[in-house]
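In what follows, chain A forms one complex with chain B and a second complex with chain C.
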Partner chain A sequence: SEAKSGRTDLIFLIRFRHCCLLRNQRCLLAYLYDRLLRIRALRWEYGSVLPNAIQFHMSAEEVEWFNQYKKSLATYMRSVGGEEGLDLTQDIKPPKSLYIEVRCLKDYGEFEIDDGTTILLKKNSQHFLPRWKCEQLIRQGVLEHILS
Partner chain B sequence: QAWLNEKFAPELLESKPEIIECVVEQLDHMEANLKRAKRGDLKVSVHRMEMERIRYVLSSYLRCRLVKIEKFFPHVLEKEKSRAEGEPSILSPEEFAFAKEYMANTETYLKNVALKHMPPNLQKVSLLKSIPKPNLDSFVFLRVLERQENILVEPEMDEQ
Partner chain C sequence: SFMQGSKLEIPLWLAKGLHDSKRRIISVELPKIYKEAWRTVFSADASVVDLHKMGPYYYGFGSQLLNFDNLENPEIAQTILQTFISRFRRIMDSSQNAYNEDTSVLVARMDELERNLFRAGQKGLNDFQYWEKGQASQITASSVVQNYGKRKFTDMDG
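Here is the complex of A and B:
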């Protein structure tokens, strides 16, 4: 409607305003996108269930995005490795040994390992366990890898 | 080899479904063998270790690809769309589905949170233009396969 007035000097004003709007749009989208990238990183670090403190900082749409993302990821991982799929969030570092020494940082309860035996994870107890079973718990902060 | 190439190349390389299938089959095979083996057999530990290593390489390779897909998603999808008939695909069918879902998810999010509240002429944004493209000018490592004389190293080179 401003263009209808036909005055050429207004055109510059319109263009300037448009540039400002575009810049604002870019800033806004950059901020939102950056948040999404961080939320994505959370899935890889914490697993499918986010700690409440973090969820509290997320908007409803971000939670929705996160849920969609982890669903997509789960579908993909399932399609990859044979019957059960391959959990890509495991084996982040090259394996150095089969069994590792871990210390329990908080009370976790019973934990079953491959050959059927269960271990009671109580705070401050130490165990010598298969590495692949511990990875998730180490990331969640339940176990601590002891490096001698 | 595919793993190293993927790790060091700045863009997403061709998808290698045959290799992945082969490796997965090997792992399943080894797992089945181990289940039948006697307990306490020394070979079990060695084989398990081998399996862990293989699983690590496979995971790392697939993770690397996923990271690149997520990072460059509009370009990856565009490249796949404009691919000629005989050309090999850079995405496996599952990766393609994942990429499309990722794109739809992100677009929906941006639209609902920001774009639909903006003035009408700003409501569309081209992700293809906004998201950075892979830097094809970044340096890569090359291994020479055959002796060649007088090769001029041009400014643009792709991985080996």
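Here is the complex of A and C:
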């Protein structure tokens, strides 16, 4: 009957529109989620302070998310490993020695090491430095880890 | 508005959304590689088939097709599974033995699932070589820095 076929048409149209809406939502969520995973990886690969060039491309919500993530991670790291906590973002690759050879990839300026002395990090200079001090600068592309 | 009985090509996600066993809004026709003729070819010797040409997501798409209550579903499912089983060994072996060689010929006939498996195998092999050379302990720059290069980051602070 006509009434029934009209209703079937309507069902079809409603379902069709709903499918399209859900699909658009899925695509958007997939995109946003992928961005979030990359932002999270930045905390581990790069450090707790993001370069301006990257922050410029993040939405306010993403920046807020990053800050919250940072905070959660810091709280957790403080809670493990006894009195001082444990920096899990260090020594991601298994360390073979306390000191490592590094080459400077760009002019960075003065850099203070634990015993109070300062070193001038000038492009192409090479240094023999404590691993824990260099790790972040290597990840940020300022220094290069040279294997002997 | 659509006439009853008309035939269309629509994307999978739309077909899934419109499909309803009870209401029978649409019926889905199987793409030819999942039909009987091709299924016989696959069961004869699956390892020679160019799965990339056959629609690059043979396994994934085939699995999704099972959503449409087709009468041939058990046979389709069986064929997809057997195809994977007969091809897998060769993919695994070749991914472990092609260090630093040109693998494009091998990979050209694989569907996307197989390519991912192959790449995972190769990555394992490469990581092992890396470790053997003593490079596993080398600290590297973050991928963000590597990708953006020195050009964009010269004015970064902090």
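The rule is simple: the second predicted complex is superposed on the first by the 136 of 148 C-alpha atoms of A that agree within 3 Å, B and C clash if a C-alpha of one lies under 4 Å from a C-alpha of the other, contacts with A are read in each partner's own complex, and residues count from 1 in each chain.
Everything below uses one rule, namely that a contact is a pair of C-beta atoms (placed from the backbone, for glycine too) under 8 Å apart; a residue touches a chain by one contact, two chains touch by 3 or more.
Given the structure is predicted, the values throughout are model-derived calculations rather than measurements.
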| request: Using the overlay on chain A, decide if chain B and chain C clash or can fit next to each other. | output: fit
| request: Kindly classify A:54 by the partners it touches after superposition: chain B alone (first), chain C alone (second), both, or neither? | output: second
| said: Is A:126 touching anything from chain B or chain C once the two structures are fitted on A? First, second, both or neither. | reply: neither
| task | Considering only touches as defined above, state whether A:11 meets chain B (first), chain C (second), both or neither. | result | second
| Does the superposition put A:138 against chain B (first), chain C (second), both, or neither? | second
| task | Could you tell me the angle at the CA centre of chain A between the CA centres of chain B and chain C, given to the nearest 10 degrees? | result | 70
| said: A:22 in the overlay: touching chain B, chain C, both, or neither? Say first, second, both or neither. | reply: both
| field | Which superposed partner A:62 touches (first chain B, second chain C, both, neither) | value | first
| field | Partner chain(s) touched by A:118 [first = chain B, second = chain C, both, neither] | value | neither
| note | Across the superposed arrangement, the tightest C-alpha approach of chain B to chain C, in Å, is 11
| remark: chain A residues contacting chain B in one complex and chain C in the other 22, 92-95, 131
| message | Could you list, by residue number, the parts of chain C that touch chain A in their complex? | response | 1-2, 4, 13-14, 17-18, 23, 25, 134-146, 148, 150, 152-158
| query | In their shared complex, at which residues does chain A touch chain B? | reply | 21-22, 25-26, 28-29, 32-33, 36, 40, 59, 61-62, 64-65, 68-69, 72-73, 75-76, 79-82, 86, 88, 90-95, 97-98, 115, 131-132
| Which bits of chain B are touching chain A when the two form their complex? | 20, 24-25, 27-28, 39, 45, 48-49, 52-53, 55-56, 58-60, 62-63, 66, 70, 94-95, 97-98, 101-102, 105-106, 109-110, 112-114, 118-119, 122, 125, 130
| Residues of chain A that touch chain C when the two form their complex | 5, 8-9, 11-13, 15-16, 18-20, 22-23, 41-42, 45-46, 49-54, 92-96, 100, 105-106, 131, 134-135, 138-141, 144-145, 147
